[in-house]
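A, B, C and D are the chain letters, set down in written order, and residue numbers restart from 1 in every chain.
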Amino acid sequence: MDLSVKIGDLELKNPVMTASGTFGYGEEYAEFFDLSRLGAVVVKGLSIAPKEGNPPPRIVETASGMLNAIGLQNIGIERFIHEKMPFLRTYDTKVIVNFFGDSIGEYVAAAERLSGVDGVHGLEMNISCPNKQADWCIFGTDPRVTSEVVGKVREATRLPLIVKLSPNVTDISVIARAAVDAGADALSVINTLTGMAIDIRTRKPKLANRTGGLSGPAIKPVAIRMVYEVYKAVKVPIIGMGGIMTAEDALEFLMAGATAVAVGTANFIHPTAAADILGGIGAFLTQEGINDIRSLRGTAHAS
Amino acid sequence: MDLSVKIGDLELKNPVMTASGTFGYGEEYAEFFDLSRLGAVVVKGLSIAPKEGNPPPRIVETASGMLNAIGLQNIGIERFIHEKMPFLRTYDTKVIVNFFGDSIGEYVAAAERLSGVDGVHGLEMNISCPNKQADWCIFGTDPRVTSEVVGKVREATRLPLIVKLSPNVTDISVIARAAVDAGADALSVINTLTGMAIDIRTRKPKLANRTGGLSGPAIKPVAIRMVYEVYKAVKVPIIGMGGIMTAEDALEFLMAGATAVAVGTANFIHPTAAADILGGIGAFLTQEGINDIRSLRGTAHAS
Amino acid sequence: MSRSFKAAIKENLPVHATHNLLSLSVPDSMPDPRPGQFFMVGMNRGTDPLLKRAFSLFRRTDEGLQILYRVRGKGTDILRNMKEGAILDMLGPLGNFYPLPSEEKTPLVMAGGIGIASVFSLIEDLAGKAIVFYGARTKEELLMLNEVKVYAKEVIVSTDDGSAGLKGTAADALRAFLAPQASDAHFCIYACGPHPLLKAVARMSKEYRIRAYVSMEEHMACGIGACLGCVVKTHDGFKRVCKEGPVMSASEIVW
Amino acid sequence: MSRSFKAAIKENLPVHATHNLLSLSVPDSMPDPRPGQFFMVGMNRGTDPLLKRAFSLFRRTDEGLQILYRVRGKGTDILRNMKEGAILDMLGPLGNFYPLPSEEKTPLVMAGGIGIASVFSLIEDLAGKAIVFYGARTKEELLMLNEVKVYAKEVIVSTDDGSAGLKGTAADALRAFLAPQASDAHFCIYACGPHPLLKAVARMSKEYRIRAYVSMEEHMACGIGACLGCVVKTHDGFKRVCKEGPVMSASEIVW
């Protein structure tokens, strides 16, 4: 059975990866299963300078989902390279580094610094962040800004470049096209939906940051729809994510058009989720007599 | 205790209404509680010409939510006035008629026909529908189109005009402002999020229509966030909805900035949901020693 | 009288690897259910699963009613794990019911698999008059067969694998029964089962000019006619399974 | 050794209107838990509630462990309704633990309300050495008091309403105890309870120069250090309650 897939020039042994920010730098999960089983590990989003993140509370549970406002806390690219990469290099899996910036300059600097680091196989660019230069607009909600920042990063790296799209937009296919035209090798769909919860006793937002990102099974229908739309709009591989808890969920994403999938919030609930999902996908293929996982891709578009 | 609220010139005895499409024409629920208890009944969306709607399956359950693709099936405004209004007039509640069109002309015709009908107290305009004239764009996702259609409808009616916003947009406050500037007396926030689900056995979308509208508790965090944003953007009353199951949920919406709330999917699960939520709001006010429900409005905005 | 009520589980008895017989006690205020009607049953804490599930009246009992269900997904799996004393949030009885045949007609009742749940109480009410065509995949899945035999005039059993009765579907059995008969209107058919079975019944109904009532299934949200979710296409437009159905005339459906 | 395991409910005993003592049997592969550590417990079918809930080790038993919990919201309400034999999906033991005091120190252990759950096994391990300050809202909420007395050197009880012991909080009781003492370093404090109580402990710790360990609480998603959700502010930046905690030095927290 052939489970391998390609994300641009990057060969993954199977289509199951982890979603950035839900798998730490891999270490925390190593005791629960062999990370070498994964198609790829995508690490927590990094920036050139370390970031402290938001004050607590940072997490609120919602119906079949959760809001997070971690505030992109991270140890910075330098420390990551020195403290975390040696560990990750010991596994036979691909390492994809998620990164972001507050400005185009920071994005470019991050991409440059990460390129050529031994064991970094690909970059995932998070464009759901506020652009401090341009009056706090979000990079990934305006096709022109998307195009500009992706274009500049494209010039700065030869690593496979995945652009991770925000779902908080009117038409995700427009942003998808802008990213691909600017040089993205693949797209990650979707990041979290912006949401909020209020504590009716204190009458204040439950998160210190007021709003947060909604993830988990609650958002799966939106994520599937967006993967389906992006698949129609562009030709590059899609990494589908948003609420994947089971192999069945992952298969839905593949049929909607994803080449690979990323497991996010599910890692928190079952630390072996990614491995279990991989196992379930294999079982499904066996059961349905399918030899090549790629033959499932986009099948929901037929007829 | 004063539970009354005003939606434009419309006085409601309390802030609990029903969400369009989830309460039929009121009849189906009359055996479960006295409809006169409600602040308002909002009926299933109507158009000038009756509509057959989409083929089945029209409903799919998702995690803490459901997708529907009813396809705006309705009996048409004429039959509604003759067959359903006499029943609704027997209740001491406000009747708000939700309507839509395929073109600006149809919106205007619907608003004109409904104006002056005995017992119709207000209109709710659903702008989350495709605009057949303009290449199937959705009326409510483009501020210029929103402005145009709301402006034309405003000229056609003197009834309180509520514009119901689509959440499938990058910045809902832009659409909100466009609607208010064009003459909306109030805004309903939010309609359903567009979503999709795939049957992995048949490898086809589960809904015959492929995509559908996501409602229920899953979307509440997005709805609260949008009410919060719209409250900052405009001065008109907001009717908050999206995943309200309990009085606590309704109170969150009021604190986020809503003047009234609409109970939607919850009606399907507990036919007495709207009445129960009203009771729970009263109990909360008593418990917290609040005399006037209006004093809760927007309290989550205080630093 | 209230169709919104709470029921207590008296017994939740496995009758097969994947099927349970659920005995409920219900408040007196619940209206009497009739054969063919159904209930919406909520079995969740939390909001997932969100919607209530539809189950037919299987049988009325002294203290309430019974439901025969097959474990299929999330909701029925939770239900299977519920114990005596647990409380279910219910709506019903809902929908229409099987119209009883006139005196001169012989009722032919067809059940495919779990379809028996819907027609069992009809067979009871027909008190020895019904000729029952009962099909299932295997002998083991012919649930409650002995009870059916008590109330039926005759039971013609079929299984897909031939492990009991005729090899084939209940529709095959019905056809084998009808073929040698004079094709006039002595009969009247009632059927519940998988879609292809009902479609086959509809074809025979037309061919032999026998009136057939079929119990339809569609995904439901409300169960009371409000959401317009559960429609099936008829020659007279979309009709709601929960309101104009679940029992419909085979001839009105666009198959 | 695996910190991801399934536990079976042996007993789920109400010890108060809103508190239960849960006895679990766990697989041998679970590492031995230490006082102050906690477990993430999943109690749901379906995806709501979604996240596991954090509960401290209350006591180790022959077949496994016990958790003492207060019914607070959705998750604990579901837990309360679970019966013997039910299976829980668990992670643990997680986090760090209370460092044992050196020989010459007298451990002062403070528990506010359900905070007793976290320090009980510490009191056990301190085998007759701990002076325990145990506060609750009312006499009835002084759960497991008799058991505490068995293992403590002395128990100083307080209640908000004065229905047992001193009227006031456990912090008040601790202050009353410390005030007449020489303010040197003979003591060492361990505390678990509501935030204001811990804050008061931190103040006394500084004032009397007594080292204090507090067990912190924050909303958690993963429990294993991956999500960065459970941080508290320390003088050395944000620290994760599930990884660098839950036990932290009172002096490092920015209160």
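By definition in this document, a residue touches a chain if its C-beta (ideal position, glycine included) is under 8 Å from a C-beta of that chain, and two chains touch if they have at least 3 such contacts.
Quantities reported herein were computed from a predicted structural model and do not represent experimental measurements.
Looking at the partners of chain B and chain D together, the chains they share are A, C.
When C-beta pairs in contact are tallied for every pair of chains, the largest tally goes to A-B. Greatest centre-to-centre distance from chain B is found for D, with centres as Cα means.
The distance from the centre of chain C to the centre of chain D, with each centre set as the mean of the Cα atoms, comes to 54 Å. Once the centre of each chain is set as its mean CA position, chain A and chain C turn out to be 46 Å apart. Between the Cα centres of chain A and chain D there is a gap of 36 Å. With centres taken as mean Cα positions, chain B sits 34 Å from chain A. Residue positions 63-65, 216-218 of chain A are each in touch with at least two other chains.
Counting partners per residue, chain D has 46-49 as the residues that reach two or more other chains.
Taken as a graph of touching chains, this assembly is fully connected, with contact between every pair of chains. The residues of chain C lying in touch with chain D in their complex are 44-49, 74, 77-78, 81, 83.
Interface residues of chain B, counted against chain A in their complex, comprise 62-65, 67, 141, 168-171, 193-198, 200, 203-205, 210-211, 214, 216-222, 224-225, 228, 243, 248, 251-252, 255-256, 284, 296, 299-300, 302.
Interface residues of chain C, counted against chain B in their complex, comprise 2-4, 42, 46-52, 89, 91, 218-233, 237-238. Per the touch definition, chain C reaches chain A in the complex via residues 46-48.
The touching residues of chain B, when paired with chain D in their complex, are 63-64, 217.
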